[in-house]
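Next up, some structures in structure tokens.
In the two complexes below, subunit A is the common chain; its partner is subunit B in one and subunit C in the other.
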Partner chain A sequence: MSAPSAPAAGVAVSGGRRLAPREGEVIDRGAPLRFRWDGREHSGYRGDTIVSALLAGGVTVFSRSFKYHRPRGVLSASFVDPGCTLQVGDEPNVRGGHRRVEPGMNVRPQNVWPSLRFDAKSANQLVGRFLGAGFYYKTFIKPERLWPAYEQVLKRFATGGKVSPQTPHGVYDKRYAHPDVLVAGGGPAGMAAALGAAEAGAAVMLVEEDYDLGGHLRWGDASQRALAAELVAAVNAEAGIEVLTNSVVTGRYDDNWVAVCQRRHPDRVGGGFGPAGSPVIERLVKARAGGLVVAAGLIERPYVFEGNDRPGVMLSSAARRLVKLWAVRPGSRAVVLTANPEGDAAAEDLASAGVEVARVLDARSGGDVVRALGARDGSLAAVELGDGTRVACDLLVTAVGWSAPTSLLNMSGDRPVYEPRAARFLPGGRLPAGVYVTGGLAGDASAERLVEHGRAVGAAAARGEDPAGVEALGVDEHPEIFRGRTHGMVDFSEDVSSKDLVAAAGEGYDSIELMKRYTTVTMGPSQGKLETVNAVAVLSEATGRSIAETGTTVWRPPYAPISLGALAGRIHEPVRYSPMQPWHEAHGARPLVAGQWIRPEHYGDPEAEVASVRSGVGIIDVTPLGKLDLRGPDVPELLNLLYVNKWSKLAVGSVRYGVMCADDGVVLDDGVTGRLCEDQWLMSTTSSGAATVWEWAEAWLQTEHPGWRVQVTPVTTAYASINIAGPASRELLGRLCTDVELSGEAFPYMHLRAGTVAGVEGCWMWRIGFTGELSYELHVPAGYGLHVWESLLAAGGDLGVGPFGIEAQRIMRLEKGHFIVGQDTDGLTKALGAGLDWLVKVDKEDFVGKPEIAWQAGERYQRLVGLQPLDGDVVPPEASQIVQGERRIVGRITSSRRSPTLGRSICLGFVEPELAGAGTVVTVLAPDGRRVPARVMEHHAHYDPEGVRLRG
Partner chain B sequence: MMRIPCPYCGPRNSSEFAYKGESRPRPEVGSVTPAQWRAYLYDHANPEGWVAEGWYHRAGCRRYLKVERHTLTNEVRSVTPAARP
Partner chain C sequence: MAESKAGVAGPVARSPIRPSGAPVLVDGWEHDITPPVCAGLRLCDLSWLAKVSLRASMDGATAAGLAVGRGRAARDAATRRLVVGSGPGEWMVIGPQGQGPAIVAELDERFGSAGELVSVVDLTHGRALVRLSGADAVVGVLSKLCALDFSDRAAPDGTALRSSVASLVTDIVRDDLPATLPTTAPAAGGGPGAGGLAGERSYLLHCERSSGQYLFDALADAGRDHAIAVYGATERDW
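And now, the complex of A and B:
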């Protein structure tokens, strides 16, 4: 439907709104293009926005409003235009007043059903009284059981387009920049600031939200356009200025950390990232600016009166931009309400475009409109004036004042102050060093004076000088005009009227911050840029307080919407592999993501891998195991401090198991540390704890014990680590290692040796056993990892050697009753709860966590125990609760598996102390509601609790 | 994002650092009472104003630093090694 709004009588709309070529227009008439709107073909020119092209073609309704589904047309013809949010292809929420139209674009309306013309939800208009202030809070609270139903209802109210799950990933990017001066806003003052800064030697980044520099000069008179052209030429000629157009500063953070969203970045990215040649959809520039110059200009404020949201009612800046930038006639017969020179100029511009200006109402001398009357389709047909007369028109242009978008100043710590003489908020003068203001935000002046001010501020920013040295801009008198004698829309995005605000104030929501949250005023997509000051004014009127007393809401980042894609940027997720990864991939390993590591979960059949280890020998890649090289005479002091057990007497060639706790007594990590020689130790940590333990050791060394002579070096990836496990592991290792005596007498359990394996010198061999079998853990120089791995498999063919993965290791350690930190313990598990009574030595002078662990002995705490379901075929899922009676929770299952070795289910879990005795039968409540009786075992170990096998 | 002037690396984004909380002395383990120990573990002054806190330069020199920061403005007035005398 190319013309959803039926024309008012006598107004031709179809196709006839494009004007003859005009000076200053930004469209390229030599480049016509075609695109689709709502299923129909339309035409436009390069340089058109979606809205200017559609309006030129006679389309005046672009959306339906949020709550009441009222038809909405052009209001500001800019990025913040609330009624011009559209869907383009798969991209929702495109700002049609800003986005340039492209050939072949498929543009559709949002928030309409079944169509823009016949919108079923517009019935909401009839029930408007139910959707007033606090509607959501009042309606959707009780009863609680209906919340899912409410959710369905509320979902229908959500604006926004649709994203197809099939949408391909677009290309988004990030950039870091370090400009000496960053200028937000490319109007006359902003351009001049950039020039002033660059002339003072600064590297400048100039950011402009529109596609072109120039600001309001672009729709000004001939001399203003000439000044704009002169400034643009100077900016382009200045090598020290980088210009980002169609880009917006979305936030200012501590120390001038400035976020810039660069839309439609023209670079194309090829190879390896996104489709080759794809344009970057959005790029987030993170700039650390020496100085930030805020030159955001002013935003025109709508007038609040009955019918102010009808299509055909628009701001003077919208009408002027349409005429002068895109050569579009915004209507045929106009009424202009003006309170300032810009409104006067709008009346002239309309006349120059052939619009019949039926009436100019001067608000400075009492001119007013009371209401906008609609045609059957809701669009403007006439306005009613103060004396009751009606003037037929299809265009009402209002120019009743300006608001200062002080967002970036707020984010810098400033609070705007209301100036009644200028009828707007001004900067409050509480800016930190390095933040500067110029242009319309700072005051009113001629274009020439703005340029002079901008240039001086830019130079001050470049030199880091106090801006107080620059002569301040004054403000022009402007009448305070916010709401007329009728009620109308305040927030066009959220459909909040002045009547709603008065009602909310009557209900007691008479603070602007509370009113905002209660009514959602200023919380829509335009985020208060058009609405805030009107909301404040209506509240002040309702409460009898002045606007200054009422204050304003605080603007927070982002200043403009930014896509999640831009925030995410490219996907830089680091991944770590062991040197044996090529072998794993070639042999069907199923990958398991474990932190940053990708590890083999199994090679097809984990239970068979367990059987192979228990009966013969298997090898597992344990490279991710954290490894720290510790050197220096005071290492025993460090070990005694970090571990709960004693380390002073660890002999060279020995290894010991240790557990670390934090000072709150909670288990932090565990592992084995060996003494390689007199003053060198190798500490192993859990795979996930490698980085934490390194920082932990450094923390104690650097803060509490800087005098200790200890050097900690992370060597996790310097070694490839392989565990050889199973009764035949000694035989297998013996075939490849000839310089170390491996017999049980010469190389006993919990000892280490250095030797040559498969011709690789400098391998460390540790006799330890996480799986419960006789086993040797090899730490091989990483570059030889794959060689040693393949040599072991080649040498042990007759022994049945095969690889095993994480899952087989997890089954075997559970059979053996070894807990895993973070799986069988959590952030509340202190050492004694984990069953470490045998390990903790509270007679040590000090160790981290000692007081809490010592006190724990006198406290009541849950114990980690081995559990076996009475029915060995039932494996209760991990995290099942252990309950008493109906629902009293007395414990939980932390690990559970079917044990292929025992042919039954086995678990580790926590239970209350009264239930921790061997033989107690507890009730496990599975998530599906099943109740599984399980017996508490004497040991954590379900298999070989005496440890005969690993000591063999 | 605030910037922390690392005495070893120069001014760096705070995202390079790990925040370690307010600096408090660890009580003498031999004589501490549960109340004193738990105050050390859990009680934070959280003042509006200047606070001394630990920051670890994880993506830089890997030194633990004592940073004096104003909680209202994020102004940093001193950064020194965290070693306790």
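And now, the complex of A and C:
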């Protein structure tokens, strides 16, 4: 009855395995498509997997195995099919048994050299007996010094595809979800559970690994397909159910924190991610589910015998899926080994597809396969039966039982138990509240009964009820068939045979966990889904212990491989801009990334910016300076506690410089704080310290002094901050501010005033600065920042006003000898070492860090000093060490620049106390080995140490 | 709000979020006036609204007087002000443009003289404020950026939250828009009356001003899959 369809004109390869249209097929014959495989053009239909399309075109070998490079074909025709891992374009390790083929795909085999047909590395088979269990450990362990060389060789034999460094970054996404019930598995029981939960009022997320809902009903008989269609329609009509197909629950963590990897669906608008054209490839969904219903179904287990990995030997579910879903004839002449009704059905399905079924061997009555014999290319040519007869065939279908993918149950704390009557593991009954099981994992039943069970479990999950109230499913008797009388492959991904396992047990690795690590069985990409139970059975056979006694390995997340892109998701790194940022960008500012802030480093020539400030006037955007609004009668108490100096007597309208230390006396932050009125203060912090100081203040207030009447409101970005610096700054500000008297007498250094600037009311003006010049720091309501900035530039054209950036400010502050917390100090710099003796008031009753600083006074510590290289043309790089003799480190340079004002190099640095006296010449050892003599200066300030200019 | 004439001198206040089209000056603030292109998922800037922070004891007279608990928001119908209980002992009053000083004065007068320590700070310029509206897609956008549960059950209209949105500390207020009558003629048999229409799901989000553009961009990016429209706020948005 099969009529192989003719390949489309111009298609190079034609195996003629495509069947006439069939009920239930998922391919769209109206949508043919072309793609490339191994350099040649192939055809398929929308709905085909890569493997179904290739098989329809006559391709039967898709890869070479991991260790022995044996040819591999279809085994399960599903996501876990170990022989169908392929390279698609630049994407490696694509599951060809699962991934839908798309027009134009460039599919290639991976891990083959020079070609799939002739793989030189298959020579490994000849020396296979030396490549058994523990081969790596035994062969490469000694001598250890040769390991790097071994590594280079072994790398060539490593499996996996290739990623080009030029691969464009794909778009990956992340999403949180809070479903009342999350159902893992969209077969009949899973769909029913989703419906049961939704009908009970729950918001449900239904996750299915395949592209379509329906589970095994999709390749069942007409009535099963009808039931599937009915359930799918009901699910789609239920608004309370969100369906994620081609998606997989990768892990279950505490309190039903469930990770779902949602993959692109080529047939859905936007790949299922939104409107057409959505570029998203995968999305990691982090779901906090009220209830988790595990309905993962069952996975068919391979039979272990000699040659069981030959192309042409496949599982009954694979054969049925190929025939029923994709209308592909998996072979021409078949032998079927069956131990269950599904195997029986496979024989019927094959016959209906025009496959000559040469023999049906019933394992329930002693039928057996001894070995699969290969043709020259390694593919199946014949089968040797239990009675010694040989049957020529190109297809051997086995149906010897099922494995329960209990991963999510293990992750929930359950230890599934072996049920010999069913020849598989079942839930162990140690599930936490909120985790439920239904479907094949829970037991055997007709589709109708599975639906009934699923619906009841779903409703229980929605209500948070104990699942014990749902009548349990029973199990069907199934013979225990794992390995025949010959040895064969157990782990198809890792090329581990039953012989290897028996040998490992003989060597003493007779616990399943040890054996796993020694032989790598179950550690490949299929992660035990196909091979765990066979490995346990072989070990049980080797040791004489029962399967129940042998136990299983532990299944951990992720259930299925997950791409690094999906784990990374979208990258969210907050950035902060000042209100003047558009101006900076428009005027060529070089951006400087300072924490989250983007700041102008300079506008082309920082030394010219310095000269402009020293001789005229310049303005700098200092918006990132931290600002805290402090209110309440006890603010002086707080300031006295946090700062090392005294604050009680600061008058309204004045500002004061302060330094904060942590409890260990280490300098934490510095800044200027002003008293705006009796009970209102404005504290400024360093730009990077704004959040730290806020939390620091809150921590002391909330934990140590809850009785203090102080409230802190962060206002850092409520104000745009502009420092006007230079001899002409008063003149410039005076042109825009008419309601404040700016003369030196009326508004002296270290004072503040409130006023109107460029028409903006509510501006604060502080007579302070970092540059050593006469300067005013404006704090302007931030929305007006750009207006004031532009007004200043417009008003001061004749004064030569221009912007200056961070670099110019850094040069000028170094000329003035001001240190920067975090640059000139580090996590060990205490107040006295930083040269703050003049500021620290140890006669204060208490302040944070006082005991440590008092202790430091009696200790020997390095001191911060001003330094000038004797050769003014040499600028020793920051972090250069100061040495004595050949190598003894006695200090370091913390800041260094060429001073355009002085025309020479200047530095700040730490030196041992004996070297801190003015005039001492120390040796700076630059990273390039140069030795630079430098003189210790009397002051930190290299320029205007008396501070005449800033008081002008 | 009256539009001022172009060229009239006077200080210009700007939002931290760059307008999508040429802005228009409205009472000294630049406004984006790009009309909404759809009635679906929408994002607009409301940073020009008055925002006044109030700190007081969690259980004192001020808290009792404000009558808005932590995690809740309530709108005063007469003044159109939204009082948000944004944190322990922390409230935010959001009002029409230009009302910042008036709100400060009013709150100071009402609560500042009762002997309780109260900080009333005008943060109009310190916070970026945006509105994200449009049925269920809004939840789709937020769920890409924030781990909280935005379902009606967990966060109904009038819920105030503070969380991480795109890794940024953000205050989120569920502030559904009032229902509007359908723009097309109602179906035969008559549509529901205006009073019977449910409001439209909508959220106000505000963060430190300096990260306003970042938050806006992150929301727009997350909304791409839902065809988000960026537009200038209309009367209905406030």
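Convention: the second predicted complex is superposed on the first by the 578 of 952 C-alpha atoms of A that agree within 3 Å, B and C clash if a C-alpha of one lies under 4 Å from a C-alpha of the other, contacts with A are read in each partner's own complex, and residues count from 1 in each chain.
By our rule, a residue touches a chain if its C-beta (ideal position, glycine included) is under 8 Å from a C-beta of that chain, and two chains touch if they have at least 3 such contacts.
All values reported here derive from a predicted model rather than from experimental measurement.
Enquirer: In the overlaid three-chain picture, which partner chain does A:Thr703 touch, first (subunit B) or second (subunit C), both, or neither?
Expert: first
Enquirer: Which partner does A:Asp254 contact after superposing on A: first (subunit B), second (subunit C), both, neither?
Expert: The answer is first: A:Asp254 touches subunit B but not subunit C.
Enquirer: So, A:Pro851: does it touch subunit B (first), subunit C (second), both, or neither?
Expert: first
Enquirer: Could you look at A:Pro582 and tell me whether it touches subunit B, subunit C, both or neither (first, second, both, neither)?
Expert: In the superposition, A:Pro582 contacts subunit C only.
Enquirer: For A:Thr338, is the partner it touches subunit B (first), subunit C (second), both, or none of the two (neither)?
Expert: Neither partner.
Enquirer: Looking only at subunit A, is it subunit B or subunit C that touches more of its residues?
Expert: In the superposed model, C touches more residues of subunit A.
Enquirer: Let me test your reading of the model: by the given contact rule, A:Asn723 touches which partner, first (subunit B), second (subunit C), both or neither?
Expert: So A:Asn723 meets neither subunit B nor subunit C here.
Enquirer: Touch test for A:Glu695: subunit B only (first), subunit C only (second), both, or neither?
Expert: The answer is first: A:Glu695 touches subunit B but not subunit C.
Enquirer: Which positions of subunit A sit in both the subunit B and the subunit C interface?
Expert: In subunit A, residues 288 are touched by subunit B and also by subunit C.
Enquirer: State the interface residues of subunit C toward subunit A in the complex, per the touch definition above.
Expert: For subunit C paired with subunit A, touching residues are 9-16, 18, 29, 47-48, 53, 55, 117-119, 121-127, 140, 143-149, 151, 154, 166-168, 208-211, 213-214, 218, 221-222, 224-227.
Enquirer: Given the complex with subunit C, which residues does subunit A contribute to the contact?
Expert: 173-178, 203, 270, 273-275, 278, 280, 286, 288, 570, 572-579, 582, 596-597, 623-624, 629, 631-633, 709-711, 713, 715-719, 758-760, 781-784, 786-788
Enquirer: Can you list the subunit A residues touching subunit B in their complex?
Expert: 253-255, 257, 288, 413, 432, 663-664, 695, 698-699, 702-704, 706, 845-846, 850-852, 855
Enquirer: Subunit A touches which residues of subunit B in the complex?
Expert: 1-3, 13-14, 18, 20, 26, 29-30, 32, 34, 37, 40-41, 54, 56, 58, 62-64, 73-74, 81-84
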